[in-house]
Amino acid sequence: MSLATLDATQHPYLPAVSATLFKAKATKALSFEQIAQHIGRNEVAAAAIFYGQAKPSAEDIEKLSSLLDIPLDILNEQLSGFPDRGRSVEMPPKEPLIYRLYEIVQNYGYAYKAVLNEKFGDGIMSAISFSTKVEKETDSDGNNWAVITLRGKWLPFSRF
Amino acid sequence: MSLATLDATQHPYLPAVSATLFKAKATKALSFEQIAQHIGRNEVAAAAIFYGQAKPSAEDIEKLSSLLDIPLDILNEQLSGFPDRGRSVEMPPKEPLIYRLYEIVQNYGYAYKAVLNEKFGDGIMSAISFSTKVEKETDSDGNNWAVITLRGKWLPFSRF
Amino acid sequence: MSLATLDATQHPYLPAVSATLFKAKATKALSFEQIAQHIGRNEVAAAAIFYGQAKPSAEDIEKLSSLLDIPLDILNEQLSGFPDRGRSVEMPPKEPLIYRLYEIVQNYGYAYKAVLNEKFGDGIMSAISFSTKVEKETDSDGNNWAVITLRGKWLPFSRF
Amino acid sequence: MSLATLDATQHPYLPAVSATLFKAKATKALSFEQIAQHIGRNEVAAAAIFYGQAKPSAEDIEKLSSLLDIPLDILNEQLSGFPDRGRSVEMPPKEPLIYRLYEIVQNYGYAYKAVLNEKFGDGIMSAISFSTKVEKETDSDGNNWAVITLRGKWLPFSRF
Amino acid sequence: MSLATLDATQHPYLPAVSATLFKAKATKALSFEQIAQHIGRNEVAAAAIFYGQAKPSAEDIEKLSSLLDIPLDILNEQLSGFPDRGRSVEMPPKEPLIYRLYEIVQNYGYAYKAVLNEKFGDGIMSAISFSTKVEKETDSDGNNWAVITLRGKWLPFSRF
Amino acid sequence: MSLATLDATQHPYLPAVSATLFKAKATKALSFEQIAQHIGRNEVAAAAIFYGQAKPSAEDIEKLSSLLDIPLDILNEQLSGFPDRGRSVEMPPKEPLIYRLYEIVQNYGYAYKAVLNEKFGDGIMSAISFSTKVEKETDSDGNNWAVITLRGKWLPFSRF
Amino acid sequence: MSLATLDATQHPYLPAVSATLFKAKATKALSFEQIAQHIGRNEVAAAAIFYGQAKPSAEDIEKLSSLLDIPLDILNEQLSGFPDRGRSVEMPPKEPLIYRLYEIVQNYGYAYKAVLNEKFGDGIMSAISFSTKVEKETDSDGNNWAVITLRGKWLPFSRF
Amino acid sequence: MSLATLDATQHPYLPAVSATLFKAKATKALSFEQIAQHIGRNEVAAAAIFYGQAKPSAEDIEKLSSLLDIPLDILNEQLSGFPDRGRSVEMPPKEPLIYRLYEIVQNYGYAYKAVLNEKFGDGIMSAISFSTKVEKETDSDGNNWAVITLRGKWLPFSRF
Amino acid sequence: MSLATLDATQHPYLPAVSATLFKAKATKALSFEQIAQHIGRNEVAAAAIFYGQAKPSAEDIEKLSSLLDIPLDILNEQLSGFPDRGRSVEMPPKEPLIYRLYEIVQNYGYAYKAVLNEKFGDGIMSAISFSTKVEKETDSDGNNWAVITLRGKWLPFSRF
Amino acid sequence: MSLATLDATQHPYLPAVSATLFKAKATKALSFEQIAQHIGRNEVAAAAIFYGQAKPSAEDIEKLSSLLDIPLDILNEQLSGFPDRGRSVEMPPKEPLIYRLYEIVQNYGYAYKAVLNEKFGDGIMSAISFSTKVEKETDSDGNNWAVITLRGKWLPFSRF
């Protein structure tokens, strides 16, 4: 089985910690599923930490340090600040897998808005008070299906 | 309760059928949930038909015609071709609700890719052999949560 | 004193209600301050309704109808849906006044982020659970100063 | 508590002084609030100096040198010129916190203009003769609110 | 001698008053020099009014009305609001004459900044507290030279 | 008084000579006014040489070499070719001072064109057979004004 | 033989005179070669007048009026101003023939610059004091070759 | 007389051979005219080789090696592949000389197309089966004129 | 079976003939396969004529006129000029089917170039001396496969 | 015969393995045809591996290691992850050969869609369940023709 790796030359705007974490992950030959289980978080959240898109807690950092054999002070230093999110994917995405997600937004964006507005009123689904997960299903014909769930708090526009 | 409407002057690139359908929807005061139930499809799919992003079957058209009191020949003519998808949302989206979906792709795109690749191998989640739905949850504190599910067939890259 | 008006040919993507409201405003010679007082909302919110960027309540619509002498059924029809926000300003803004606000974001964006993160932790200031106001100050030298206040709920990133 | 840091590889267009200052800030474990108090400036202004968006006075530099233990001649050399503003945020901003500010300009830009023009006449709010501050409020439900104040001199267009 | 005219189909985003004014100007066969003299303003300012880039005073409107034989109420209505500046030139400019001005900014922008900063300190030359004029010179060889003068108030960045 | 400097990391596309010249300028603590006087050129032209936007003569190079204590052969080598103009300012400019100049072109571009065409006929003001200067004025209230003069040869379009 | 025509719906930004001229050209079934001979100008210049990219003289207008049977006053009115050049081709060009010219600039731009600088010094080839022509050659194998000649005055950069 | 040089830091996307060739050209103090004569090619083609926009023959490489005193194996290695054309000029070009060529395409593109279509039918002038040259003319008033000739094979669209 | 239609409001930049042809096609209920057979051309070429991307011969026009019952003079007038190609697809394409073709170019572009260069030398595959076709295959599992063939003349770069 | 090479400075976003593979290919003087035969894959697929656009199997890696004399562990490490596709060609492509493919999509995109929709119904041709090949033909006049075949599985849009 192959594991996701990082070719840092292709991602010059990722934080320094991304190279640190991915290098250790490759050495330890760990999947995100294994890493996520170890730190008690969802595997998308685990991967997001690796790409500099989520902030780990102090406890997460300790667990990552021990699991990946990265000195704690290095991890602490590289992860001490706040994520500068949004720098991993250049939009529109060129990567075919990520483009498909972008295309879903492009094609169904207003359909989602219409259905959500009718269900919830005037507001948005938060991308901050938000969680997501990825699941694998196999149908009776043996075809695999990917299922991505997005769950965000509904925020109504304030009246002022 | 408010219903989603279309201000056609704001969407000059939508097909003619969008104005036809939304005008009838407003007159009949029907929600997408009601329309979807009537035609036996998901409400996101129903809204996608209204925005010219999905192709209804002949039977769908008949049901829409009777539910919305639109002459069948008009609907047949305006819906006879194949959708020219992607013209409803101008990217990057300016609409805050749609932007939040775009932001999820921007922030978590590579995390999804890493997790999906490790789970399925080299390939993509199809946006064509694909379905989606929107659900509403209310937690114990009375907060509402929107849940969007994306389900796509996994397509491995061909070897050639 | 001059009043803000709308030259609809310059704003082809605003909703139909913008032309309706601005025309009546010009005829009645009312300022946004007067309109806001009448409907009991902030004047920025009142102007946002005129530009199709905020959703008025049923009561707001009634008050606008009577104040501006616009038949209620016309206003109800044109305001019945959900705002398709973001279509009034083309970014980057060409208008000098609006550009200055854009420039503040461009120059101080990371400074705001750093200070907010240190004060509140990892999260964002909501632009949805949000209010804003404009005030005028005159200093002892007779110079006028514009004061814009932005107040948004702090949303911490969810842990998942 | 976490402190804002700088991952210089993510910000290749910031001036050399940004790396110098942020590195010392991390070593000293100082917040912008502490730094601002020490140099007698607003904390947004202090952060703006760190991001190369504001010019410190000679006295500011001396105080920063002593507080952060950076040799004065290094700071003087790196801060001797005039800021080349605007290079910290790439527009449209990808960072969610900064995007929310951008979205406020996008959605409310013309509403601000209308209200300001009616209050002040034809002109702009200066972003140069300008100050700003960030405050934290906690409401009775324990929710935190961020309050950003923008205060700029009103400049009427000259008649010529 | 030819006079500047407006082909309104080429400028769909100019305000309605532009067509009104330019049509009358063509009928009366007046140059901007003549118009400017009549209203007591600089000819660039006069042209800027025609392109919707400057706000005329009540007295200016009366003089334009009488000089151009446009009913005063029409002019008053079309000019009653505040200019929505920046919509006449699409950047980068395609027009060769305007491109040359753009090119001057592109080539000499930092040279101007360096010289201005050394002469005035940290700040900007205002484009609001600003006037400009165009002059014609003929040298001893009979060559014509255009001289454009830009005069703006120096605004130092506020300390806060 | 502060002097203009160059943070070369912020200007990766400037020629190598820019770093050479600015470093020597900082060491010698010379203003562009002093440098310009020494080489007998306008200070904007002097700054343009530093930013790689103008070609110095052999004599200019000698004078720069002696004034700035840069070995003549180094300057000769770095300045031997032809300027690759336009690489200093990325358009639209993010720098507030330079943006104001850009905004003047954006707002008044067609007004300049109209006035110039009426004064000179069909043609352009050259940006090549061109000179420019910056002056400082102080009005009776003690306000400073920057005056930028652009003087270009008028080039009529050829008839063919 | 086919003649060049204009489908005005494809060129919404061309001036009104383009539709007038092309319609008459189609009715009269005249080629640009014939039109050019009649008015004594190069056929590229003749076509440029039709696309609103060149200003005809009073005599040109008279000859076009008589050749194309367009009332003189209509032509005079539609051609009385100054061309607003650059609005015919949207860059980068999508049209394959025009793209090839664009590609030549893209590929050989610096080669032209290097050769021209070495031949003429520091300056540019004017696109204003400029003429161009198109010729057809047939080689001994019966292949046709298009030859485009660009001839512009050399303008050295002024010393100031 | 000055010679064209390359400041490699300004052209990070040129191939390695560009730096090799330009450095040797500067050392040998050779013009493109001299180099072109030596290898028996047009000087634009010679310069295009230097900028990585044309593929030299084996014999060209040998002659360049001997003329420029570059070891043959180095040149062979750096020139062994196929040019990756189009990376020298970033479009739209910022360089004034190259911009003028771009402007000619922008202004006269459709005029060229119309004249070429009428002369040759439906097709394009090839930019591949193509040659070009630069000539210098001096008129009776002592003015210099640059003449650029573009000669491309006419390719009719295939019928299928 | 559904037939391809045109919603002209979605394609404002297509020529007038597109609406004429598609309307008649819908009325006659003809597929592009049937139309292509009738005029003796490939069905992609037939569709390209409908989208204004290919020039029909006089005989093609006659056959289209009789097959589609469109008066010959109308077709002759609307098809008399030369196609203004490239205006049907806005790049990057938003339509999912067309995007997939774009993605193939994006992903395999350099692989094609490398293989073609090694097989043919330095040059390009012409898109003008070019034909294409679409075929349908069904494999033993009942899956359908689309096969698109691109066949273009190889054009070597000229030596000059 | 020349072989395709990689000038890594021109492709900063390609993965590290691209430089490794191309360097060995140049040393071994192998064509993609030879490499493809050795690993039993199509030559476009072989080249795609070199450009980081396809994932080789474990067996492919072993064969590449032995053919190219690259230590297996280096290749395994550099090729262990999943391709980050789409980073080789910057769109729109500047390279003339690749641009021609892009132009085919731009010109014939809707024609392909119309023909495919009529043949297959509502769906897309997959670019993932996809293979492609390049062939060379020589016609009776000795002209070479490149033939590119694209073969993708037809994916109908799901009904939901």
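Here the chain labels run A, B, C, D, E, F, G, H, I and J in written order, and each chain numbers its own residues starting at 1.
Please note the rule applied: a contact is a pair of C-beta atoms (placed from the backbone, for glycine too) under 8 Å apart; a residue touches a chain by one contact, two chains touch by 3 or more.
Just so we're clear, the structure is a prediction, and the values are computed from it rather than from any experiment.
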For this session: Identify the chains adjacent to both chain D and chain E in the sense defined at the top.
Result: C, F
Exercise. Of the pairs H-I, F-H or D-E, which has an interface that repeats that of E-G (more than half of the contact pairs shared)?
Worked result: F-H
Problem set entry | chain F and chain I, separation of their C-alpha mean positions in angstrom | 51
For this session: Report, in whole Å, the distance between the mean C-alpha point of chain E and the mean C-alpha point of chain H.
Result: 41
Seminar exercise, completed: Taking each chain's centre as the mean of its CA atoms, chain B sits from chain G at a distance in Å of 47
For this session: Specify, in ascending order, the residues of chain F that touch 2 or more different other chains.
Result: 2-4, 44-45, 55, 82, 85-86, 91-96, 99, 103, 106-107, 113, 117, 122-124, 126-128, 130, 132
Exercise. Which chains are in touch, pair by pair?
Worked result: A-B, A-C, A-D, A-I, A-J, B-C, B-D, B-I, B-J, C-D, C-E, C-F, D-E, D-F, E-F, E-G, E-H, F-G, F-H, G-H, G-I, G-J, H-I, H-J, I-J
For this session: Quick one: which bits of chain I touch chain G in the complex? Just the residue numbers, please.
Result: 12-17, 55, 77-78, 80-82, 84-87, 91, 127-128
For this session: Enumerate the contact residues on chain F facing chain E in the complex.
Result: 1-4, 31-33, 43-45, 47-48, 50-51, 53, 85-86, 88-89, 91-93, 95-98, 100-127, 130, 132, 134, 136-137, 143-154
Problem set entry | chain C residues within the chain F interface of the complex | 92, 94, 96, 99, 103, 106-107
Exercise. Of all residues in chain I, which touch chain B in the complex?
Worked result: 2-7, 9-10, 26, 93-96, 99
Problem set entry | Residues of chain B defined as touching chain J within the complex | 41-42, 44-45, 54-55, 57, 82-83, 113, 117, 122-124, 126, 128-133, 155-160
